[in-house]
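As written, the chains take the letters A, B, C, D and E, and residue 1 is the first residue of each chain.
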Amino acid sequence: MTTVALSEPRKSGHLLRNIGFAALPALILLWSLADLTLGRELVEWLPYLASGFLMNVVISLSAMTLGTVVGTVFGILQLVPYRPVRYPVVAYVQAFRNAPHLVLIFATTYIFPFEIVVFGNYLPFPDWLKAVIGLAIPASAYVAEITRGAILSIPTTQWEAAKGLGFSRSQALRWIILPQCLRRSLPPWMNILASITMGTSLASLVGVHELLHAATDASTAVRRLDFTIIAYIVVMAAFFTLCYPIARLTRRLERRFNAGSRI
Amino acid sequence: MNMKTDDAIVRLEDVHLSFGQTEVLRGIDLTVNRGNAVSIIGPSGSGKSTILRCINALVTPQRGRITVGGTRVDQLATESERIALRKRVGIVFQQYNLFPHLTVLDNIVLAPTRILGVARGEAEKLARELLEKVRLSEKASAYPGQLSGGQQQRVAIARALAMKPELVLFDEVTSALDPETVGEVLWVIRDLIRDGMTSILVTHEMRFAEEISDTVVFTENGRIVDDGSPEEIFHAFDNPRIRQFVGGLAGGRGMERGEGI
Amino acid sequence: MWDSGITSLFVDLTNRLGLNYEFLATGYEAEIWRDGFITTLYLIALLIPVSLIAGLLFAACLTSGRLWLSAPVRVFVEITRNTPTLVQLMFSFLVLNTFVSNLVGGAQNNPLTPFFWVVAVVGLHIAALHAEAIRAGIEAVPASTVEAARGIGFSKLQILRYVEIPLAFRASLPAIVNNLINLVKLTTVGNAIAVSEITYASIMVWTQRDNVVSLMIVILLFFSLINLVVARVGLWAERKLAVPGYGL
Amino acid sequence: DATLDRIKARGALTVGVILSGAPFGYIDPTSQTQKGYNLDIAKALADDLGVKLETVTVTPPNRVQFLQQGKVDILIANMQYTEDRAKVLDWVPTPYDRSGGAAVGRKDSGLKDWADLKGKPVCVSQGSNYTQPLIEQYGAEVKGLPSQPESLLALQGGNCVVAVHVGATLGLLLQDRPEDWKDYAILFPTELIPSDSVIWVRKGEKETAEALDKTIRQLHTSGKLLEFAKANRLSNTEYLEQERKTLSASK
Amino acid sequence: MNMKTDDAIVRLEDVHLSFGQTEVLRGIDLTVNRGNAVSIIGPSGSGKSTILRCINALVTPQRGRITVGGTRVDQLATESERIALRKRVGIVFQQYNLFPHLTVLDNIVLAPTRILGVARGEAEKLARELLEKVRLSEKASAYPGQLSGGQQQRVAIARALAMKPELVLFDEVTSALDPETVGEVLWVIRDLIRDGMTSILVTHEMRFAEEISDTVVFTENGRIVDDGSPEEIFHAFDNPRIRQFVGGLAGGRGMERGEGI
C-alpha cells in the first residue's frame, strides 16, 4: 500500500499541484481587476512589498542552511558515547529548541552590537544577520533532533554490517546510515524549513524591513480595508511561492531515494 | 588438503557472554589454524552466530580471551583497533544485511573504495569478477529489494570477499541457496582457502560442512560439545548426541531410511 | 493569588537587578498578565491532543493511496505549512469569521470566538506537520514487513493501525516532539487576534512601560519550562516504546 | 555629551520613528519614503543641528532597545510622557504634540459617551495607551489587535462596538475614505486622555535633551510646528496654537 | 501417504509475470490437490517465491489464471476479496518478516485476535501450543531483534499456523534451521497435512522435499521444467538437468564423490 501512496496522484495530481501554485496569485489578480482602484494601489505598493520579501528570502535560506549543517552535526554528536561531548550538545539542543523564536531573535540585539568599529570606521552590523543567527539557532536544534531520530530508526543490523566490513563509526554514518536517514528526515526537515521561514516575519523585531511588516506599513498608509485583506493574501502568496517549490523538491527527492531501495 | 602451516590464527579461550539475563556463550574454547576451514554446527539458538560476532569484535564477551592473529580481540579498547581487525576479518551475515539504498555493485564496491582506498575502477573490476563467480553479473545494477533471497545472499558473500580478508566468517551462507548454487559457492570458497584464506563457517548443511571443513565443531547451549575432523563427526558418530542431531531430518526415527541422495 | 507583600518584595528585588516588574503592583496589567499564563496553558492542553488526533487522520489519508482522500489533505498540508500561521489566523478571524457572522445574521449570533480560531488554525497547522512526520515514518516501514501483514490477511486499515503507525510513530517521535514544541511556541500567534495569552499580555504591558527585557525573560522561562516538560515526556515515550534491533 | 558628539562626528542625526499611520508617520508608496508630522519634526531637528537626517523604523518592542544601544539617537515615536519611561530614559521637556483618543463606531450604535462602553468590546492597537483608562475608568472589554488596520477590520467585522485610536488619525480616515466609512462616525465629542508626546533620548544625555528642547521651543514660537501640523492635516491644532502663544509670551 | 481426496485446491494456468523489464514467470502451470503437499525446487532466482506470492494475491500476474478453492485470484478486484482469500491461505516468508515492535507472542496472537476475532486468551493458548511445537516456549516475550535466525524463522511458522489456514505456502522455512529442528518442523507440518491442510513448500533441502511431498515441481527460469513424485524426481533422474541440480553440492565435477551422508 505504501508503494501506491508513493507514486500517488499522478496525472490529476499534477494538475492539482499546479492549481495549488497558481490559485493565490490568480485570486489576487482577479480581485485587482474587478476593482481597478484597488489594483492600482496594489501595483503601487508591490515594489515596497517585494523589497521586504527579499529579506525574508535571504534570512530564511541562510538560517536554514546554517541550521541544517550545524544541526546535522549536533544530531550526530548527541549520540556520541563520550559524555563531555554529548552533554553540552544535548543541553544546547534542549535550551534552544525550547526557547521561543521571539526571544531568541530579540536576544541577538543584545548580544551583537548594531555597529562595529574597524579602524575608526563605523561598520554597521547588519540587522538581517542577527535575524539569521536568531533563527539558525532554533533551526539547528530542531534539525539535530530529527537527525538523532532518523539515526535511531535505522536497524542495528545495518551498523553491524558496516562495522563488519571495517567501516569506522563516522564512515558508517557518512556512507551507510545517513543516506538511509535522508528519506525519512526529509519531510520533517521540510516542516522545519516552513516554520523557520514563517519565523522570518519576526525579523522586524531587530529592525529588518521584511514582508509582513511592510504589508502592515502599506495597510496603514493606504487605509483601505479591502487593501488590508488583499495585502494578507499577497503575503501568503509570497511565502507560498518561496516554500512550495522547496516542498515539491523534497518530495521529488524522497521519491528518488525510494527507487527500488526498499527491502 | 592439509598442506597448511599449523599456527593458530584464531583462538577462543573460555569465552562467556550474556545478553542481559540470557547466557548465550558459556565457555567457548576454539582454535583455528591459518589456512584451515572450520565449520560450526549445532542447534538453532546455540550461539553460533554470536561466536562469529565475538571474533569480529562486534560484541565483547564478559569473560574469556579471544586472539585473532596475535591481537587480543577482547581487549581492544579503541575503535581504530577494532577497525584494523575488521579489515582483516570479513563476515557474511546470516540475514545478509545488504545496504538497501545501494545497488548490488555499490554494495560490493563501497568498502574497498572507502576503506582500503582502492580506485573505483579497480574495485569495480574485482566486484564484477566476484559477481561473475556467484553468477549474478546481470543483477549488478539491481537494488537489494529487487533480488530473490538467494541472490541477496550471494551479494553478501561477494561483498565480504571484495575486501580480500585473511579470515572470513561465514554465517549460514548457503541457507537460501539451492544445491547447485551451494556447489558453486563451495568451489569459490575452496579456491580462496587454497590461496591461503582461513574461514569459519556456521552451517546447517552437513554435506557442505563435510565437503569444505578441516575441522567440524558442534555447539550446544553455548558450549562446544565436540569437535573433530568431518570424518570423525559425521561418520564415526562416537557421540550419540551428534548422531541424533545430524540424523534429525529423518526424525530420529530412521537414519536407515534417510540414505536418500 | 499573589500576596501583595510578596509582590512588592519581588518588584524590589528585581528592580535591583535592573528589571522592571512594577506593573505587577497595579491593576489591570497585572491581571491580564496573570490571566495570560492560564490562557496559554489552557491553549496548550487543548491543542496537543487536537493536533495529534488530526495529524494521525491526515497521515492516514496521505498514505491511503486513494486520491480523493490524499489530494485534499495534501493541498491543505501544503497551504497551511507554506504560509505564515499569523496571517492565516488574522485572515480567518478578520475575514472568514466576518463571513460566518454575516451568514448567521450578525456578530452577536456568531459562536466562533477568537479562542476557537486559534485552536482551529494552530491545531490544524501542527496536525499537518505531524502528518508529514508520520508519513515519513510510514513510508520508511520496510515493504517486506507490510507485505507480511498483507499476506496474513490484514486490511489496509489494520496494517496502518497495527503495523505501520506503531512503527512510524516510534521512528518519527523526535519529529513529533519537535512539532509539539513548535506548537507550544505557536500559541503566541493568538496575540494577533487579541486572545489574551501570555505574549499578548506582555505586549500590552511593554508597549506602555518599555520593560521588554523583563517580560522577555519571563516569556523565555515560561515557555522553556513548558517545553522542557514536553521534551521530557517525549523522551520518556521514546525510551518506553523503544524495541531491540534499532539504532546503534 | 556623547550623543551630540556622535551626531556631529557622523554628520547625521538618527531618529527612530514609528509608522503608525497618517498624519504622524507613514510610507509614501510612490517615493517609498517616510512622511508625516513626526518626520517633518525630525527633519527640522536635523537641519537645526546642521546634519543629515537618517531614520530607522522602530516598533514598540525594540524602540527602547535601539535607543539604549545607540542604533538611534532619539525617538520620535508616539511615546507619551509617563513616569515609568522617565525612569529609564531622558526626554525633551517641551512636547511636540498633545493628542487624545477618539472612538469610531457605527452611527446607529446608540453610544453617546465613553461611559457607555462599560462591558462592551473595544478594539485598540496593541499597547495603545488608551487601554488603561478604557479598562480602569470605563470598564470596557479591550481587545488589542496588532495595528490600526487590523483593529479597524475587526470593528467592521462586528468584533467590537468601537475602535479607539489617536483622534487625528481617525478624523483623517473618515474624511479621506467616506465610502468605506459612511455608516461610521466619531461617536464621542471628547478625546480620551489627551497627553503629551515628547522626544526621548538616552538616560543622562541632558545636553542633547536641552539642545533639542531649544529647537522644539523655537519651532513652536516660529509657528513651524503649526505649519507642519497643517501640512499634514492634523485635525486638532488647539494645543499647538496655545503652546505657541504661551512660549512666545514667556520669551 | 496418498489417501487424500483428489480435487484441485490450487490451479495455476499459463501464469506470466514481469517486474518492469525482468520477466520472472513465463508460463507456470501447476495443480495442487486438497490435502497434498507440493514442493517447488529450482535454482535461486527462478521465481519460486514469486509463485507463492501470486497464489496469495500479493502480486498480480500480467497473464494467466490462478484459482484457489474456486476463487479466481487473478481477477480479485477489491482488497476485501483478497483479504478473504488470505485468511484461508497462510504464507511464511523466506525472510521471516516478523513485526519488529511486537514480542514473539504478540506476533503470533495479533492476526487471530484482530482478523478472526478470536478471544485473546484463546489465541494465546494456541500461540503457546505452537511455540511449544517449534520449541520456543521460553522466548514468548522476546522481541524479534533478540532472536537468532532459526528462532525467528520458527516464530514465522507459528505465526502463519496460528491462523489455521486451509492452505499454507512455506517459503524455505527450514533454511535457517539445523537438521534436528528441520526434523521437528517436518513432523509439525506432516501432522497438519494429516489433519487436512494443504501446503506448497519452496525448499532447497532435497531431503526435506522428499520426506514431505506428494509431488515435487522443478522450476527454472520462470518455467516448470519437470514434476512428479519425489521418487521420480530424485531417484529416477530421467531429467539430466535435475540430476545435475540435485547433485550440485558435489560441484557437478564428481557426483561419484559426493555420496557422503
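Operating definition for what follows: a contact is a pair of C-beta atoms (placed from the backbone, for glycine too) under 8 Å apart; a residue touches a chain by one contact, two chains touch by 3 or more.
Everything numeric here is computed off the predicted structure, so don't read it as measured data.
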{"item": "C-E against C-D, pair bridged by the larger set of C-beta contacts", "value": "C-D"}
{"item": "Farthest chain relative to chain E (centres taken as mean CA coordinates)", "value": "D"}
{"item": "Whole-Å gap separating chain A and chain B, where each centre is the average of the chain's CA atoms", "value": "48"}
{"item": "Whole-Å gap separating chain D and chain E, where each centre is the average of the chain's CA atoms", "value": "84"}
{"item": "Rounded Å distance between chain A and chain C, as computed from the means of their C-alpha atoms", "value": "18"}
{"item": "Between chain D and chain A, distance of the C-alpha-averaged centres to the nearest whole Å", "value": "37"}
{"item": "Residue numbers of chain B (touch at least two other chains)", "value": "95, 145-146"}
{"item": "For chain A, residues that touch 2 or more chains besides their own", "value": "106, 110, 155-157, 169, 229, 262-263"}
{"item": "For chain C, residues that touch 2 or more chains besides their own", "value": "90, 94-95, 142-144, 150, 156, 170, 212-213, 245-246"}
{"item": "Chain E-touching residues of chain B, taken from the complex the two chains share", "value": "19, 22, 41-45, 49, 94-95, 146-151, 154, 172, 175-184, 186-187, 204-208, 210-211, 234, 244-252, 258, 260-261"}
{"item": "Interface residues, chain C side, partner chain E - complex", "value": "142, 144-145, 147-156, 158, 162-163, 166-167, 170, 241, 243-246"}
{"item": "Sites on chain D touched by chain C in the complex", "value": "60-65, 82, 84-85, 87-89, 123, 126-129, 131-132, 135-136, 143-146, 150, 153-154, 156-159"}
{"item": "Chain C-facing residues of chain E, complex", "value": "53, 56, 58, 79-80, 83, 86-87, 90-91, 93, 95, 97-101, 110-111, 114-115, 143-146, 159-160, 163"}
{"item": "List of chain A residues in touch with chain B within their complex", "value": "157-158, 160-169, 171, 175-176, 179-180, 257, 259-263"}
